[in-house]
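Note sheet for the following structure.
Note that the chains are named A, B and C in the order they appear, and that numbering of residues resets to 1 at the start of each chain.
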Amino acid sequence: MNQISITAGKIAELVKGQLIGDPERVVTGVASLKDAAPEQVSFVSNKKYQKQLLESRAGVVLVCRDLADEPADDRTLIVCENADYAFSQVIMIFADKSPVWKEGVHPSAVVDESAKLGAGVSIGANAVIEAGAEIGDGTVIGAGCYIGHDVKIGCGSLLYPNVTVMYRCRIGSKVVIHPGVVIGGDGFGFVPGPKGLVKVPQTGIVQIDDDVEIGANTTIDRARFGKTWIKSNVKVDNLVMIAHNVVIGESSILVAQCGIAGSAELGRGVILAAKSGVNGHITLGDGVQVAGTSGVVKSLPAGAIALGTPAESQREFMARYTLPSRFEKLTAKVEALKKELEELKNK
Amino acid sequence: MNQISITAGKIAELVKGQLIGDPERVVTGVASLKDAAPEQVSFVSNKKYQKQLLESRAGVVLVCRDLADEPADDRTLIVCENADYAFSQVIMIFADKSPVWKEGVHPSAVVDESAKLGAGVSIGANAVIEAGAEIGDGTVIGAGCYIGHDVKIGCGSLLYPNVTVMYRCRIGSKVVIHPGVVIGGDGFGFVPGPKGLVKVPQTGIVQIDDDVEIGANTTIDRARFGKTWIKSNVKVDNLVMIAHNVVIGESSILVAQCGIAGSAELGRGVILAAKSGVNGHITLGDGVQVAGTSGVVKSLPAGAIALGTPAESQREFMARYTLPSRFEKLTAKVEALKKELEELKNK
Amino acid sequence: MNQISITAGKIAELVKGQLIGDPERVVTGVASLKDAAPEQVSFVSNKKYQKQLLESRAGVVLVCRDLADEPADDRTLIVCENADYAFSQVIMIFADKSPVWKEGVHPSAVVDESAKLGAGVSIGANAVIEAGAEIGDGTVIGAGCYIGHDVKIGCGSLLYPNVTVMYRCRIGSKVVIHPGVVIGGDGFGFVPGPKGLVKVPQTGIVQIDDDVEIGANTTIDRARFGKTWIKSNVKVDNLVMIAHNVVIGESSILVAQCGIAGSAELGRGVILAAKSGVNGHITLGDGVQVAGTSGVVKSLPAGAIALGTPAESQREFMARYTLPSRFEKLTAKVEALKKELEELKNK
């Protein structure tokens, strides 16, 4: 652990925040509101956590504007436009450094002589680079990675250890890929034949554009033909499944354990929450948001919000979700009618 | 990329289709209807995509019989019994070749001297083969694979890079295993003991029969005793979980991210759609089909179709699914009754 | 396979059970009730499997007390307090031995000279140990594992092949980690910025306490700051996703394919069944049980049982689940009322 101290005043300066309290207050680390000690700095980015703020022992707290006039007690507050983002800057003050990936090819790595390595690349221990592969300047290939035949990777990308990229796939620049990811396994296609299931050839590739990040143990299958395509700035979490010929639009976010079936196309800025699924051969327009665990079975227009399985609009979902209580009320109404009717008959 | 040209006539001959249009029309590649250029061949296997056919720029299109009498415009059609299957043959004309896996043991591989390697095997860079393992003729063990003690693998199988097969498991012939698959991790069994959870020993194996294919990062656990058994011709997609002592019948299809709990038994030709789950210790008869995301909690007879969680029949599922609209109608009916009753009382 | 024979009497002695039948009866292996041959021993731990017991061909059967007075036919019964647990002991009599992991560093492993290895450690072929890592006495690092910079692992832990542990993470003693697990990938955090999504730095670690077991291909992300924390004796199945800053209380059980979003905190002895999910920033009290596939969206008190998505109490879940049949009854009641009303009007 580093031993770093900094004053509240210096922090306020760094994050361009407005300080309320003692600018000389010294902190030596970060923590959540709940866990923070008096010598630590924390943050709160939403007024709903006001109670936690009051209970916190944190000496310095980055707060959102809504909480600017809270009594500071013995605390120092720093009011920020975006307390969450500002806190990321503060975290970096105290953060241990990430490992440095040594330039050059580790002697235990197996690099085919026909592979082309750019300037300043780092090839980790026991990595395997097959014939015809090209690795751009400054890219890091972690220990134990497998880079298949004729794979092309751009510049400044970072493949953590034990990533597998199969033959002919294309990866852009400034792409980050976490351990255990598999890119370019065969798409899943079989048709019934006279002697059992027959494999449909999967002859395409996976193309991943610049600035994409892919979480641990996610799998992206190669296309039947053409390409499975992850466009620039897409962020993919862990254990996500992206099937053959899928297209993911720019800046979309795919949260953990979601899955997208073959040939589905997602627009720009789509968000699939955790464990959601998208059927094959459908289209999700720009900015579509799918709730966690939902299963989308038909195409959705830009901006749609979908919940449940099969996924519905918020209005439809709420109509379904509130059925039990509405049913109780209707039952009571029917009982009342029945009673009234009885009374009427008895007259 | 290969540069290959072929005439529509030659393609019709290859796929045994009936040509409508210009047999001398030349194409140089394949694409989807949507993306195809005039010099490319595409396909449509279902009449519901008729509109896309009309809008497509593809020069040659393989079509199903339903679409045989469509005006060909300036296009050439090839009518096929099974346009999808025929298109796979056409894809292969243009496909880049898959990598050739070099015969022999890569010098960086670590093969125990007691392991037995068949004729023509390929052991990739940095693969590890433990004592007592046996690899059949012509089988490929990809770079970075781990083949545990006393594992037996048949002939002509293909293990892509970074596959892990733990001790004593058995894999048949012509089996394809994609990267990151783990075969033979311990089954998940713990019982409460006086000092916490106690591990139930997992002493069995995994047996995978011939012609099975297993998708990237799928896991198949070893049995508590006896074997977890994947029978011949089963096709498993990515990120699937198969627990200890499960039995999967011949030619079953397990789509991405589905999971099967311990000791469940699936018959022949069962289809589990994406993200579905099957409880432990239950039986699914031959040909059972489970819809995506459904959770099956009790045994199902042969041929059953199950949807939802807990999974129900189609009839039950529809009764549940249509509840909101039926509820609205019943509410209206009750309101009408109430009004009639009021009127009657007022008389 | 070993060739081992043992008498029923010896087994009864081993499991401290009460023998009914022939103590000299010899068995040579274990099997399930369904598969067992007369020379095999099986078990039944629940009276609901009484029929299978009667139909079984097993020569010796460990039974629970409820089944003690069943006619033994030509079988020998051994009555046990806990037949399931007792059977685990019997399995071990016949089990093939697990592989022995050779002490020492395999010559193909790449161990940084600054790494500290305890007494009796085993470092497998092609494993990579980075600078500053510390491996405790008797710990096994399997072939192909990657142990990152400054990682600390305790004593007597077993990392199976192809596990990835990223920099600075902490793993306790007697921890078992199955193949393909990724510990310490970055947490998933991005915020919208002027030029697209901006990565939120993930500077913390993962800490795994003693006696934890983690199933194949599971992923546990490093914290944004501080630690993602798996407390002692937690058991995690395959393909589970544990996000950044999650805390899992002692002896909790996370079944296959479940997922826990960022900063959620689980108490002691929580059970998440297969494919369930827990939202971020919520708290599950001690002993909470979540049913398979359920999605928990709000905090739950100790002892709560939650089902469905969004997860509800058993009472709420049943109210929802039984709606279709209750709806039919209410519809019939409304029809009857309508008819009565008609009759009344016609008078």
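FYI, a residue touches a chain if its C-beta (ideal position, glycine included) is under 8 Å from a C-beta of that chain, and two chains touch if they have at least 3 such contacts.
Predicted model only: the values in this text are computed from it and were never measured.
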Interface sides of chain A and chain C: same vs different residues, half threshold: different
Relative orientation of copies chain B and chain C, as a Cα rotation angle in degrees, nearest 5: 120
Interchain centroid distance [CA atoms averaged], chain A/chain C, Å: 25
Multi-partner residues of chain A (at least 2 other chains): 108, 126, 144, 162, 180, 217, 239, 257, 275, 293, 323, 327, 330, 334, 337, 341, 344
Complex interface listing, chain B residues touching chain C: 108, 110, 126, 128, 130, 144, 146, 148-149, 162, 164, 166-168, 180, 182, 185-186, 188, 190-191, 196-201, 203, 217, 219, 221, 224-226, 239, 241, 243, 245, 257, 259, 261, 263, 275, 277, 279, 293, 295, 309-310, 316, 319-320, 323, 326-327, 330, 333-334, 337, 340-341, 344
Partner chain C, residues of chain A touching it in the complex: 30-32, 35, 82, 84-85, 88, 91-92, 94-96, 98-99, 106, 108, 124-126, 142-144, 160-162, 176, 178-180, 211, 213, 215-217, 232-233, 235, 237-239, 250-251, 253, 255-257, 274-275, 292-293, 321, 323-324, 327, 330-331, 334, 337-338, 341, 344-345
